[in-house]
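First chain written, first letter: the chains are A, B, C, D and E, and each begins at residue 1.
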Amino acid sequence: MSTNIQQQNGSSAGPFSGFRARIASGDLGLIPVIIALIVIWIMFQSVNGNFLSGRNLSNLILQIAEIGMLGIGETFVLLLGEIDLSIGAVSGVAAAVLVLLSVAGVNPWICIIASVASGGLIGLFQGFWVTVIGVPAFIVTLAGSLGYQGILLAMLGSTGTVPISNKTLLNLTSTYVTPWLGWVTVIVVVVLYAIGSFLMQKNRENRHLPAQSTGSTLMRSLLLVIVSAVVIGVLNTYRGLPVAGFILLVFVVLFAFITQSTVYGRHIYALGGNKEAARRAGINTRAIKISIFTLAGFMGAIGGIIGASRLGSASPASGGGNLLMDSIAAAVIGGTSLFGGRGSMWNALAGALVIGSVENGMDLLSAPSSTKYIVEGGILLIAVTIDTVTRRRRTQAGR
Amino acid sequence: MSTNIQQQNGSSAGPFSGFRARIASGDLGLIPVIIALIVIWIMFQSVNGNFLSGRNLSNLILQIAEIGMLGIGETFVLLLGEIDLSIGAVSGVAAAVLVLLSVAGVNPWICIIASVASGGLIGLFQGFWVTVIGVPAFIVTLAGSLGYQGILLAMLGSTGTVPISNKTLLNLTSTYVTPWLGWVTVIVVVVLYAIGSFLMQKNRENRHLPAQSTGSTLMRSLLLVIVSAVVIGVLNTYRGLPVAGFILLVFVVLFAFITQSTVYGRHIYALGGNKEAARRAGINTRAIKISIFTLAGFMGAIGGIIGASRLGSASPASGGGNLLMDSIAAAVIGGTSLFGGRGSMWNALAGALVIGSVENGMDLLSAPSSTKYIVEGGILLIAVTIDTVTRRRRTQAGR
Amino acid sequence: MSSAQSSPLLSVQNIRKRFGAVQALQGVSLDVHPGEVVALVGDNGAGKSTTIKMIAGVEQPDEGQIYFENEPVSLSSPAVAERYGIQTVYQDLALCDNLDIVSNLFLGRELRRTLIPRLPKMLKKADMEERALPVLRDLAINLPALTTPVAGLSGGQRQMVAVARAVLWGSKLVMLDEPTAALGVAQTKAVLELIERLASRGVGVLVISHNMADVLQVADRIVVLRLGRTVANFVKSQTNREELVAAITGATEEVSTAQ
Amino acid sequence: MSSAQSSPLLSVQNIRKRFGAVQALQGVSLDVHPGEVVALVGDNGAGKSTTIKMIAGVEQPDEGQIYFENEPVSLSSPAVAERYGIQTVYQDLALCDNLDIVSNLFLGRELRRTLIPRLPKMLKKADMEERALPVLRDLAINLPALTTPVAGLSGGQRQMVAVARAVLWGSKLVMLDEPTAALGVAQTKAVLELIERLASRGVGVLVISHNMADVLQVADRIVVLRLGRTVANFVKSQTNREELVAAITGATEEVSTAQ
Amino acid sequence: GSASTSSASNDSGSNSSGGSSSSGGSGTIALLLPDTTSSARYESQDKPDFTAEVKKLDSSAQVDYQNAQGDATTQQQQAEAAITNGAKVLVVDPVDSAAAATIVTEADKAGVKVISYDRMISKAPVDYYVSFNNEDVGKLQGQYIADHTPKGGTVVMIDGAQTDNNALQFAKGAHEVLDPLFKNGTLKLGYETYTPNWDPQNGLREMEQALTKLNNKVDAVLSANDGLAGSIIQALSAQHLAGKVPVTGQDATDAGLHDIMQGTQSMTVYKAVPKEAQVAAQLAVDILKGQTPSSDVVNGTQDNGSGNPIPSVLLQPVVVTKDNIQDTVIKDGFTTMDKINNPK
């Protein structure tokens, strides 16, 4: 008749206790995709010594900025157990809005706001249709992507590509965080992280709740110091951290915070895990769903702006090609489930890095197209296979 | 303490009883998509009088033959709650195999067998990876589609388009069932259907199980007579039923029979409904999953063969474009669920007809690309919205 | 433990509900007063769960009216019901398998901190864990660490999480659909005690159970459903197991005592 | 109704199982003889369902051995267990919501007709419906039309479909995980009778229940689990409710009578 | 760093890691081509011819070949990769003429020269331009139709992908010739459509629908390229019209020339790709060696909106019909009669 609630490893455990517990339970989080990334990097570096140069990493960061933004949007939608097939087309429309306004002489910031607003509006429309009318997201967004492609053609079809001449817009993706500012950023981030972790640990210890050990907190902070210092150090050998990459990182951190630490984020996971349970718990599932589709539209537009800035133009082909599949793949490779309720923003970033690295590396090797396709497919498969096989313990540990 | 098992409307009910019961329960099957189809047809016919001509219907049938085949394959995979993103690329590879062998002078039937076998082999590989290694189908088939695109380029990249000169292969999609043979077919089908329904009804009545009324059986047979007679009659005003359309119909009927009336088909639905329950019932879930992916590969290849025969060639663009999305959309528009366990082969056919009709109609109007895209998207959305809204009663009636 | 004298907290009047071909409810009426424990009993498929879902706002009745605190109410969603102070433990336990025990306990009622007004509120994770512990301890149940996802819980453990949830939040009316079905002896006792504690705090309790011993122990009044219809309404002190079973199975017709 | 004299049908020897951080089983041993009804009891989370899942081939033990008809067996999947003649009713009822009642009853055991050898077999739908009717009638339950999907069934109705399934197919050993938890009075009685009928046909039955009255009525022998370990093994005639409850909750230590 | 296509011949010391600009020998030339689907020429002609010519002129130079698969963003990534790899000259056939301006800007910053190949990069200071004029291609197609369609005849125009800038230019050129005729009633435009993705499947459906709509009253078909022409001929032959109606084309693919020999396709616009590739290779090697290309190669200038005239090599596209196959494509060694009669 005794009650018995097991406690997690308390504060007395060693610095690696959390990590070891995770390995034991098979919940590895980002570890598999990071392993895959490291393997890919070592592979390419060994074939072409330029791969890990500051310059190429800087290229890589700029190259994934757009996919990363779209991947974040897609991750939100996937967390709900839905899918957004229009995010590529939305980014195209947003790019066209941006460029056409800019060409008409509108202030660049107003262009950006209008472009983002158009993406949000499209997302809102889709969210409404999915939620209130109840048509499956797959169809709404597929039909949407056709429609938006039509709108894009109507906007640019007769003129073809329209170049951007506004410097502010072009600079979005061609300026860099100066080296010393990069270092300052690293220091600020690490200090904030360390203080935050320490305060949380103390708070939990004071309440006699299971908490991380001081050793573990220190270890994590140290790891963060090393990784971010190496990255900034390498990037500074070229021109520093690209501003677009910095913006992407800010989005990832912001949305990671929202999904992990806010009520809204918790409700997203609840909806993805069991929609009916969430509804019965009194959560306003409709509002959340609509807001997420709107958010995905926003992120699509932001990706489109970055894409347009990088290309220096918008064209009827904007938002086409592999963009959609790449952004879904980024989310999924990172470990986000297609069935909802599992995943994180960090997954999207890691997945975008995997895809970006493969494309970047294959281009660097200037392999024939056929080889490129085959190798890209192969690496994708292997990266996720690593994830699956390491995660299998978890599947065995339960359902 | 009385046991009480409700009986369905017995044989005493009127001819429409089954239909009325369906309406009441909200399980409308094909009705919404057929309504959508009729609306679309009336719309286009009112704008362009050629739309419902024998000639254009014959075009339409040939135009949907490939999507239909791929839609069938995709439906099988969706029934399991999986997805196949490679079916387009597989059809491209199969087309290349077909054409290259044919150009090398191989007997056309052996070309076809080799092409279909290559599709099946690819499907088998994917099925293995999904089932045994456990990587999500989304990733396996996405990576696969990249890889097969690479293979296609390796086969055709340096030569470009390779034309077919073999008459047998070209005739697959350019011959027609002669008018009188068409009528014979209609009669055979209707008679078989009527006898089958009647025997089943008698069998059930003899066992005192709820059965359709004789009136209802007669009504259904009559409906079948009218519809098929009208279709064949209209097609015969041109050249008759295209052989490729006949083949598609045979596949639909065959696979509809397999999914609805065989043990294998029942197990597919079980797996799609609740994988764990199916496994616990002792069903060999792995074998079924692998076989379905193989089947999807087969259907991809058959679609590819039809596509190549129609184009009279294979090229690096084979299997690309909208083929994949169209075939998934065909399945989903028809009413097949993306989450497994609900749908049918007839849905795939109906969905392919919807998509095909829209594209056919828009091309007939030679609308500008922007309008085409927008209208296609709009019709897609509206077609499925009709389905959703009429089905809503069902959602309200439970989950 | 009163009934007739005070005005009812909840009054369900003649509701009907059809699912496709099945007429699940064809006239259900019942009252629950504040501080009263009402048991809803009936055979399998009699419509008990459906009745509860109507009151919880999960489904909407085709006909009939529900009154809460003497006002006619339209319970169009669970969120609305919750705003009236109604909490429910469902038979098909509505938990999010991907979330941990604490998250499920606080789902939709998370303790929150406003960082910036009008922006998403932060979760007070430590506070929630702290508050969850004593509630779960009260329920005499073995549980793994509170941060494990509920996917891995045993049948009884899941049941307890659902019960704890309703108890934490129900302010006026708590409904429990077979809350002790999956529970062990000690846990069943704990839940029955809990129901009594709730009632003594003035909360109305509507409980479904197939266990006549439990029903007779905990309920003040017993409403019997048969084939989607309320067929009897007993006061605990004036009935016994045999009479109840007879009413449930229909061995007696249209018995109705008291009230 | 024998036990020690015949050799056991099923013998589980000291199995252990860990799920991530939770050690669910840490030494479970039990025997079931042909024609014998063995009850497995224990507190919530004691490991009863996990034990049954090992025997049903749903999960594999980390350590320990299972013998079936005196042979060591490796129950690597439910299909294997089924081939040995083992059928199970799971606590988290494993039904396909999109299929109808008849299809669920016959799932994996469909009556079939070979049209062309080596090609998919045809379903004998009418035969299955015909055979399902009497079995369901026996179980004294209200059911909607047999061709409605099980998604819309009530808790008890689902439970009955699962029980009927196991009864239809279990040829040597039938395991039932809380089969009467969601059932009404009449239905519970029907299931208990069914268990007795099965045993009298020589089938071994392993049943989990929290209801001591039912256990004492139907079981020949009672095995008690506590915190993942077998702690006691009673012969029905030599024990009583209080002793059982004491063993379950750990009020007495390591009691073990008979066998 | 070393590139892989042009083999291991020059691997000595160039595989050292880190160095981002200069890699031993006389350096690398990057050849950036747009796609593999709109025409087979890029993989089957441009790439091998260009590479061979470079090798011939300077055996130590390397060619770093990239194909963007029709995606402007991919092309930009590939340009970045080439610059990272230390290429000194970029030969760019832009997927998108306007978007490729950013490639020029980046190359400029890295001190890398850019040759705009086949299609002009607009509004950017490219160093040289080697091409056939896209609008000229359209004009040739349009002129052929104007010359070979009976008065009052109905013309069907099947254009390329509207999302492809080049397709817009082809169509523009054709309309420049035909629009006056449409206007004065000499010819009738019966049907016109762009073809999404240049997809032959779409082209086939469009032609079928055009025939249905016009009730087979079609007197000429302007097809943007040979790939679409193949689909158009399929649709015509189903109506027994193949060979009775003029059909244009572009690229002089083996399949297209095959149809010309069969009489089902009337013409194709032949752009002497080997010549183009050779000239571009010559310019690139000259730049690599620090020499100024001779003025008899660079035969003009072209305005691309960048403010400065771009020194250009302008080549003349040629109309190929059954009559002049021998004198053009065969004589140039572009293809062989054997390949035409028996494609692949």
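List of remarks:
We adopt the following convention: a contact is a pair of C-beta atoms (placed from the backbone, for glycine too) under 8 Å apart; a residue touches a chain by one contact, two chains touch by 3 or more.
The shown structure was predicted, so the numbers you read here are calculated from the model rather than taken from an experiment.
Fewest steps needed to get from chain D to chain E, stepping only to touching chains, is 2.
Using CA-based centroids throughout, the chain positioned farthest away from chain A is D. Relative to the C-alpha centre of chain B, the farthest chain centre belongs to C. Averaging C-alpha coordinates per chain places the centre of chain A 37 Å away from that of chain E. The mean-CA centres of chain A and chain D are about 47 angstrom from one another, to the nearest whole unit. Mean C-alpha position of chain C lies 29 Å from that of chain D. Each of the following residues of chain D touches two or more other chains: 19-22, 141-145, 152, 186, 249. Looking at chain E, one finds that residues 36, 43, 162 touch two or more other chains.
Residues of chain A in contact with at least two other chains: 1-2, 6, 153, 157, 276, 368-369, 397-399. Contact residues on chain A toward chain E in their complex (touch as defined above): 45, 48-50, 53, 55-56, 59, 62-63, 66, 153, 157-158, 160-163, 307, 310-313, 315-317, 320-323, 359-360, 363-369.
On the chain C side of its complex with chain A, the touching residues are 56, 58, 77-79, 81-83, 88, 90, 94-99, 103, 107-110, 112, 120-123, 125-126, 129-130, 133, 136-147, 151-152, 186.
Only residues 1-8, 200, 203-204, 207, 209-210, 258, 261-267, 269-270, 272-274, 276-284, 341-342, 397-399 of chain B touch chain D when the two sit together in their complex. Looking at the complex, you find that chain A touches chain B at residues 85, 129, 133-136, 138-140, 142-154, 157, 276, 325, 328-329, 332-333, 338, 368-378, 380-381, 384-385, 388-389, 392, 395, 399.
By the touch criterion given at the top, residues 19-22, 42-46, 49-50, 91-92, 141-145, 148, 152-157, 159-160, 178, 181-188, 210-212, 227, 245, 248-249 of chain C touch chain D in their complex.
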